[in-house]
Amino acid sequence: MAEKPVSEYRGSIHQQQKDLMLDWYQHLDHAAETGDPPTVSMMISGNCVELLEGFGAIPQYPEVNALQLAIRHQSLEPILAAEEMGYAGDNCAYVKADIGCMLKGITPTGGRLPKPTLVLCNFVGCNTYVKWFEHVAAFTGAPLFVLDVPFLRNDTPSQADIDYVVRQLKEVVGQMEELIGRKFDYDRFRQSVAYSSEVEDLWSQIKHLAKNSPSPFDAYFDAITLMGPLYVYRGKREGVEFFRAALNELQQKVKAGEGVYDQERFRVVVEGPPPYPYFRTFRDMFASWKAVAVASTYSTVGGLWEFGFRHDAKNPFESVAMHMLAQNVTNRNYLQRYDQIRRYVQEWNADGVIIHFVKSCRLFSAGQGDMRDYFTKQLGVPTLYIESDLEDPRYFAEAQTKNRIDAFFESLEHAKRTATHAVGA
Amino acid sequence: MTYVTSLPPAQGDYYFMKEFERTFDSLYEGMQDLSFAGVRRWKELHPGAKSVAFFPVYAPVELVHAAGMLPVLLSGAGDRLDIQHADSRFGSFICSIIKTTMEMAMTRHLEPFDGLLFSSICDSARNLCFVIKRNYPQMYVDFLHLPHSTSDSSVEFLEQEYHRIIIELERLGGAPIQPAALRHSIALYNIQRSLVRKLYELRAQSPHLLRAWESYVLIRSGNFMPVEEHIEILKQALDYLPTRPGKKRDAIRVVIEGAFCEQPPLELIRLLENAGCDVVEDDLAIAQRWFTDDVPLSGDAVHALAESYVHRSVYSSVRHDFSKPRWEGLAEKVRSTRAEAVILLIAKFCEPAYFDFVLFKKKVDEMGLPHLLLEFEEKLFTFDRLRTEVETFVESLVFD
Amino acid sequence: MPLVAGIDCGSGFTKALVAAQDAPGSDLRILGRGRARSGINVDQAAEEALEQALVGNTRSDLSYIAATGFGRYNLSFRDIAITEITTAARGAFFLFPRAGAVLDIGSQTTRAIAVKDNGRVNTFKSNDKCAAGSGMFIARAAKYLEVPLEQVGELSLHAAHAHPISSVCAVLAESEIINHVSSGVSVEDILRGIHDSLADRAGALLKRVGLKDELTFIGGVAHQWGMVRALEQRLNVKVNVAEDCEYVCALGAAVLGLRRLASRN
Amino acid sequence: MRIAAGVDVGSTQTKAVLIGANGDGVKVLSRSLIDTGANVRKAAEKAFDECCQAAGIAQADVGFVVGTGYGRYNISFGHTQMTEISCHARGAHFLCPGTRTVIDMGGQDAKAIGVGPSGEVLDFVMNDKCAAGTGRFLANAAEVMGIGLDDIGPLSLRATRPVKIATVCTVFVESDILSYLSQGKKPEDIMGGVHLAIAKRTMSLARRVNIEPLVTMTGGVARNIGMVRALETVLGQKIIVTPDAQFMGAVGAALFSLEKLGESFESSVWREHAVSSRD
């Protein structure tokens, strides 16, 4: 465990991202103070942040709070507080951390979080979210709207699915008009959808830059830092500016032939959320092998854009519905996730797949053994399966995790060396 | 599975009594049988007919029945199948019923079935659906999205969803589902559900006439035989039970809540009773009491089913009506059965139940009722731990 | 003057306590205690323990025998069987009536019990998940650290900087200890870390059942002063420890036995 | 003769092996085995020292030392480290040629390794957050039963009606065992049940890798004949166990050392690890 952390790419966009997020937290603090702007609690996955723009409202993301706490090593206290009131050891720790914070008045930044104007449960595939937001509403007394997004059980959503979601989106608009006492600004909504499609285009280009070797950024660890703005500012001009700058900076790196690591040794695809309480430790375990993630499923929870989908200002409601139904990893079925990873491995030219099982999230984790089976036995792709949690520090076993990761890359190393021997012979 | 139908209908006579007492055990064997001999027998009797199994909790069995198929509940393998393969597909912290169901598939125990139906109860069950779909492509495996909301658009959506399922069933069965047939099926299941409701009423009124494990067996066994047969059994039970000898005992009236999907071993239900609890309400057979009222036979049958689900289904931890909180539903149960305590019986790793526990507990505390949280797994062989907790709970209520 | 016996048929040891009530309504007076290895035959162990506890009296002098503990049903000559949770609450209440909560850390299970003001169990919670919270865990850690179990409590008192154990699984916790050791943490600091972590977990259980300002600590681990200190500091409550804490359940059984006896005649 | 060493610092025991290579091939010169205990660093040094003495070779004459196992980064004299996964595969390939699958049950890990024709790791799976199938699990079970660790295996073979064990959690299996004892079940039937439960649980996980013959068992638990038989029953095929099963990790490490001695090493993972492990 004595290895030096290998330093990875830190560009100016990382600082810009911090500023943007701080700015957002300040707005939330202001909202807590004055009730303005109105805020809406939402789930990251398949979020319809564009709709909020039509009211000049801003989103609150309990997940973001939870992960910020974990990354700052502050998650255990609220988790224990929630367990004291009866939440089970095996309940999602995101929920426990979030509820615990509400009870203890803890926030990641120390600033305050407002009581949401509306708790909008856009649960896409995550049944835990239905409970989570029901509890948030019960504890805060805020009004709850459950936007029932049919799970994607076939390749594409049916017209019935789309109509159903569109109808509900319009019901949400109606309810928000009552709650906020302001008319829905359709043009502003459409403008926001237009910004989103721009951002999505830039983001998609960034994702594709990882096809270069060396990859200019880590599509797991670095992608996560870029995800904040993606969810909070996607429908805004600031978002467009930020991602234009990001794309620019990363393109420069590609031109200069710079990568995350001076000599990129391994390219992997990562499935599953990271262990936020040990984010740095975990990253260093890959850094010590100069292993870069060229793609990750976790960076597509909020939306899956690298395969072409964009919001469409010509049909704003339909495209928002489409995004919620079919263009985020959590509402797509398990086999579609297999296929997404398969494409990453092949088109992004990866050496193997890392599956990180997190006990909190059964949406991600239930069945990952079968996923592993598909990749190792059916496709012959080297796959590593490790377990911990995304929020609860009590489930990260450093020695075991490092041991498995080292063993995995030792075997990849061996495979490469024998391969070169073969070539040499 | 024709247990009781072979009996003389003469009520109250000794022979009938003896026979009926025995049926509890034979029914139990029937529902425990992992070779699904009953299903195989049914298929032999109905050449070419298909059987569709459904994962808990609720499924529109009427559609399956109307398609001339036998709907069967997948309720895990309990303690009757050792896991020797499934851990390779489903990791830690996943509930047992998911793993035993996967194990059943991997050991060819699901062969009697031509189709599997899953629904939107939880993330683990949902993923299981698609894992099985990948591994058994020859089988019809479908996922039913049951709305988590009760708006009119939800009814409209579910109606469409049912039509989608109907098309799949018709493809599987090779014949269209006739509206008349569907109405007939709905009528049958209405009868079954009303009889089940009566049985629960009887037990709540006089628990000494019907032990919890007996009503459990009587009702859940209906998931493994044609509904027509089950209706006969229920009728005879309702005729016989009031005349059954048995005396009231000094016990605490409890409501059991939380075991709506994975099932506790029968031994555990017996244990509760032996420790001094009279179970006057439970959600162990919730799927057979799904609608608070009959599904209307007038108008469009598919619409009637969808509308009944959205507006007239009973609460459960996996069925949400945000205008009527589930904990209020629990409170109603407690009041209507004059229960003195609540036992929250939760399957290990059952996240929906874990979450509801928090708000159920809050409500029960407000009502000033004692409660006990018991965690179980379908696979249990020793019960000392649980027995100690249940007995302590009872002792804390009876000892002065 | 009726004699009653409480017999705690634990998995490791069988403990017997004989008590007398001098006058109706008066509190009971403890006459004697005895213990024996449980082994396979519960009756045999119970008789052995009872023999010592009778201090001169004979079995025939006993008017009531209440069995408790893991093997309570295997005791053939019992008048009643009561769970060790109920008897722990009663026994603790008899000794420290002001304590609203009882913490029992045995070799396998850790239990938090909230006690009503009449000695009845209000609610209770066991460490169904967190196995690292059990006495057996300390025993193993001690073994691994090559420290005699008797010294664990004392050593932990001399810790400079406690190194907490975070894992909830006993096995993961053990590998954490291994890591601490290999990174050169002192035995004292590790042991105190274990005690602190156990105290935190016990605290979580206690808060779930309701912890007030006073707590009675029973079970084998109650002998470890480091653990007692950890509880006092982490939960800042008054912690009572009876000098014969392993007899608390037997005592509670005797108390309840006496009540049953009174209600019988 | 080129002499290389491998030191395997496990959670419970530390093993060292010296191997020598000359014209007529590679052979194991000596072994040593000691309890790891609280001081990992010392344990490693002691094991290495004993091993050298056993072979009558001065430490200075040992060309290269590879450390493996949990304490591998604590081996002050080690030139480099490798995980025990790679080492067990390599060791089994050397001592049991033709090995395609390694099942290793050690102190706190149980693992299945798919081994390639040249002894390389093709795939591997380790026990999840659960000690089922590990030596520690069995040790605890033995402790509860009050039976010596070396006796439980043979005892389990005498089982006529093995009991059912639901939980394979290290701690909660104890209450299962106690229940059965109080029900008067025979010790051999209880132990039989425990072994069978672990075997099933372990294989259920191990099936994540392709289990192909020959299957070789390594690690301390390999000495437990009851466990070997139980695994064979569940697996439906023969399992190979060598007297050196326990030393397999150390042997593999020693073989890697020998490799380093041989080839002139440019950029490879091991060197970097060695360097970084010193600061």
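As written, the chains take the letters A, B, C and D, and residue 1 is the first residue of each chain.
In this text, contacts are C-beta pairs under 8 Å (C-beta built on N, C-alpha and C of every residue); 3 or more make two chains touch, one makes a residue touch a chain.
The structure presented is a predicted model; accordingly, all values stated were derived computationally and were not measured.
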{"item": "Chain D and chain B - chains in contact with each", "value": "A, C"}
{"item": "C-D against B-C, pair bridged by the larger set of C-beta contacts", "value": "C-D"}
{"item": "Approximate Å spacing (C-alpha centroids) for the pair chain B, chain C", "value": "41"}
{"item": "Inter-centroid spacing, chain C versus chain A (mean Cα positions, whole Å)", "value": "47"}
{"item": "Interchain centroid distance [CA atoms averaged], chain A/chain B, Å", "value": "37"}
{"item": "Chain B, residues touching no fewer than two other chains", "value": "87-88, 91-92, 384-385"}
{"item": "Contacts with 2+ other chains: residues of chain D", "value": "70, 73, 128-130, 175, 178, 182, 208"}
{"item": "Residues within chain C bordering two or more other chains", "value": "70, 172, 175, 178"}
{"item": "Topology of the chain contact graph, where touching chains are joined (line, ring, star, complete, other)", "value": "complete"}
{"item": "Sites on chain D touched by chain B in the complex", "value": "128-130, 163-166, 175-176, 178-180, 182, 200-201, 203-208, 234"}
{"item": "Residues of chain A touching chain C in the complex", "value": "1, 76, 80, 83-84, 86, 89-90, 393-395, 397-400"}
{"item": "Chain C - residues contacting chain D, complex", "value": "11, 40, 42, 70-71, 74, 108-109, 131, 134, 136-137, 140, 144-146, 169-172, 174-175, 178, 181-182, 187"}
{"item": "Residue numbers on chain C that touch chain B, as the complex places them", "value": "70, 82-86, 118, 120-122, 124, 126, 128, 256, 259, 263"}
{"item": "Contact set on chain D toward chain A in their complex", "value": "70, 73, 82-86, 109, 118, 120-126, 128-129, 208-210, 268-269, 272-273, 276-279"}
